[in-house]
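Given below, in the form of structure tokens, are the structures.
Below are two complexes that have subunit A in common, paired first with subunit B and then with subunit C.
Our next item is the complex of A and B:
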């Protein structure tokens, strides 16, 4: 599930970030740099863990890049396969909630009806602190 | 998931800031960390009055600051934006949380109609263009109070864009002049709110409450500086702004900090900064992980939101399932700017008076009720409501609804004043008594305290005559041209009449007698 999410993040042309694929070889032999992997791992909290995983990512990008063969000039992008459906509008009534006990049972740790989480954000280990396996 | 929020962004190019104090100059020390030898205070743009810019000193480029405000406002609704759980303050933790709000797998967002109506209403009130089609997106980041790992928002195509708001800035001496200004509204979007985190540093843990529904209004400021004519500068985002006063302070500080930094050859980083209330400065919140990337993507579970107007409304559609912008426009109450204009036209009051009347809850209604019941001139009513009445309220920190004086009582009092039954000072006395909430009408108070003005002109003239006879030296002083002497005489006459004579009348009679 995670790797697919990462792939979508790279492909969606929302124009707010630089395309990572541009760093890769446009021909499709796409080597992804260690910095990019580190960045992705931090963003998505994924652990690529092995060179095979990175290779799989590179192949996925190459596969997606084939979409560029299609000329989409002047074609409005599809935002959703649901675009012909009407968005259902719910009436403003209170019909759920009041199930704190049930929900709290899902939590490993609970303090007086609060979920307990570790403090703030925990830093990821830096690139040089990790086991080197990428492109070594 | 969470309490429904409206977020709107507005941008304005500012030459100076909301607080305009032509007279007093705010002494603001150089922001910590910068080491400029020159005194920036005089020529810095931020401290100049809005409508008159000071000439820049020789060799200095003028700076212009651009500020964008990101305002998060909670929608008033019964249930949440995407779920049917309740929106309520101070509920037990996690009691207003549905399975969707807890981000349990398999749950889906279901849009609340009321929230869409509220967004459209807000957009119309702010002169926005309402997008007939708008889209929902996911904004991804990791934090314990965001169990889904993303927030549903409207980043690409929000519900309303390109609006404006006209407001008034108090200027001049005593802040009595009101200058109309306009700010642009970039967009209005619907979005979820995250949960609430309580940090327990002692036990190194964070407690999460997914109820939300707190903090009805929050503001973040985006600030950059540049030289006019050149491209916009790098902006910083300032958070933790808990009041309008701190908002203004933080913006002023940040503008100055950026100017100082750039003038010393430094650069501005595109970062988030937190405002420190006690120190009056902003501090970097940047963590070492680098720039945040929200990985926006379309929300796959929500089709586009389509709105209609009277002409595009599909025939035979379920009214519950369609939103008609024109219908919503008709339900909009009269907007404040229209009300203010009417007040100025109808009652001849100053624009700043109309602002004051509208800025206090219930005051306009109070004013209008007094107008209805009294014969007195509207200008008199305005003066009494805005000065005397409001003054008493403010002194005792009361709302209009808690006032001991009703509109009828004030109307009766003003009638007595208008008919010259009592003097102006007597009226103030009566008002003071009315405020004591003893249940007496103005008429009763006037009788009890014998505050009626002496109607007998002859008797008054005689009293003046006898006072003048009794104090020849004071009369001499008056004739010599001593301005205070006449007041002394007036005072003596008043005493003799037990304050039942109009001082204005007394003065007239005295002056006539002395042929002045």
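Our next item is the complex of A and C:
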């Protein structure tokens, strides 16, 4: 989805971004390193925000690990319960549309018929380039 | 009038005993009185009154649209409603007004139903308590029922009357509270892992989850595309069938709806005898955490079927213990993908940062989502990482097939309907519920309900009895895929057996007031073999 850019520290009015003490594993399993945290935050464009959130993720992963006990040799993955059915295709006729005005109304920033976005292709800085943060 | 079933009210409207406008006014006034439950996020008063006016005209001209004409209903706030704010109980969509109606909403409106409002839920339908939305938690109307309060007075430690209020269950808690408090006759919920059946069991309602593909998901803000289904909450099975009849059917806007011919309208036959029926009791559902009251009711229900001539057998769903884990992985993965659409650009909340698109997206999402949603997005992204994809996501998809096959095998061996508990216990107090985090609670509370979503089967939760604390307990029936009518027929028979004992004792009535308001529910002790004491709406 989003290209892999480096994270830009958000020091704006919204509050300081919570960070973590060191690059070393904060607690326990060793699975969630700072690199993984950074990587996930970049991919999701959602931040952890606190150490509790990282701990929750670790618990979630430990929970998911229970799946390893199941023997799935020769089993095909199931994507949909309706996999045995044919997908219905409707005829290729235009039946609705022309609702640009309605759709534009929901956006906060619009110029004529365009949605306005901030400039793209700007890198976000890495974790250690940020200024010191508060810890939760 | 407010305590009647949908069918009874519909008949009353047709006979002119009451007009849609009067009915609408009554419901609106009750909504105001029960505001403390926090069941509604938006009350669409003007819209409802206008619809009531139109319905009244139709009735005057003898042109009613059907059983749902003039009936007040409520819709969960993750269904898009044209011109009415749809928030999913999240900051991300606060102030968002969809330009279209969800197909199920449109179908109800086309039948003349009156839209009372949008109900409260967990944020983006993630949760099992209806406690995590930005508009606050929903209170279970049963917290204020006479039975419950009387039981609590027996407890010397009960203090302030309102601090012990109970959760409704989730995530369609607002819809459940709205129906249970008589502010509407039916409500739409959504069911991804039990989100309709769980609050139905806690609020003493019928919570129906249709087969995946029977009802259109167009307009339902998606959580897990391969498991979401719109759910129906009503006070009796017959009402659920009426609503299902209006909603079921293919939709060209939702390619996951099936185009097989469906028996419409959904008139449920009355089952005369159950001797040809085979009920399956999955043994893996007997878990240590199951409360003894629920277990005893489950066993009594099985005995009831047997005593009436049905074949009741124990069956095995061997992968049951893994289904909640599998659900957790698949759910978070699909959530990570579905929540990616919320970037602030075309709709929803947008932050003030303008430095770059990435920064804007990130800040918008941080402000818009709460911890639960963010946690699931991050977990989902973790499971979808290149190095984890095979071990977690694909593995979970394989386990999903095993679970779905378990059900297929059981149904192929001659079982018609499965009978299981819906929840581990009755509704718990809010203060108790919040001691654990959302994910832990979901993994505990969804245990009986989510396997059904993974297999795409229909299921229904029926209120069976009141617990020792005076709170409702429900049991779940699971049917074969696309055999929703058969499932509801069996459920209706069972409901009748359970109610049969009640009705012998005469009228039961329920008033609703609060503070100057007390809630009355008359209790009837039964002498029958089925249940010890219950009083239903």
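To be clear about the criterion, the second predicted complex is superposed on the first by the 92 of 136 C-alpha atoms of A that agree within 3 Å, B and C clash if a C-alpha of one lies under 4 Å from a C-alpha of the other, contacts with A are read in each partner's own complex, and residues count from 1 in each chain.
To be clear about the criterion, contacts are C-beta pairs under 8 Å (C-beta built on N, C-alpha and C of every residue); 3 or more make two chains touch, one makes a residue touch a chain.
This structure is a prediction, so every number in the text was calculated from the model and none was measured.
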{"item": "Subunit B versus subunit C as contact partner of A:112, first or second or both or neither", "value": "first"}
{"item": "Which of subunit B and subunit C A:98 touches, first, second, both or neither", "value": "first"}
{"item": "Touching partner for A:90 - first (subunit B), second (subunit C), both, neither", "value": "both"}
{"item": "First, second, both or neither for A:45, with subunit B first and subunit C second", "value": "both"}
{"item": "Of subunit C and subunit B, partner touching more subunit A residues", "value": "C"}
{"item": "First, second, both or neither for A:82, with subunit B first and subunit C second", "value": "both"}
{"item": "Footprint overlap on subunit A, comparing subunit B with subunit C", "value": "8, 12, 14, 39, 43-45, 79-80, 82, 85, 87-88, 90, 99, 103, 106, 109, 115, 117-121, 124"}
{"item": "Contact set on subunit A toward subunit C in their complex", "value": "1-2, 5, 7-8, 10, 12-14, 36, 39-41, 43-49, 53, 56-57, 59-61, 63-64, 66-70, 72, 75-82, 85, 87-88, 90, 99, 102-103, 105-109, 115, 117-122, 124"}
{"item": "Contact footprint of subunit A on subunit C as seen in their complex", "value": "96-97, 99, 212-213, 226, 250, 252, 255-259, 319, 322, 325-326, 328-329, 332, 336, 340, 343-348, 350-363, 365-367, 369, 371, 374-375, 377-379, 381-383, 385, 391-392, 394-402, 404, 437, 439, 443, 454-456, 481"}
{"item": "Subunit B residues touching subunit A - in the complex, by the definition given at the top", "value": "77-79, 83-86, 92-99, 101-102, 104, 110-116, 135, 137, 140, 142-145, 155-156, 197-201, 204-210, 287-290, 293-298, 300, 302-306, 320-321, 323"}
{"item": "Residues of subunit A that touch subunit B when the two form their complex", "value": "8-9, 12, 14, 16-17, 39, 42-45, 79-80, 82-100, 103-104, 106, 109, 111-121, 123-124"}
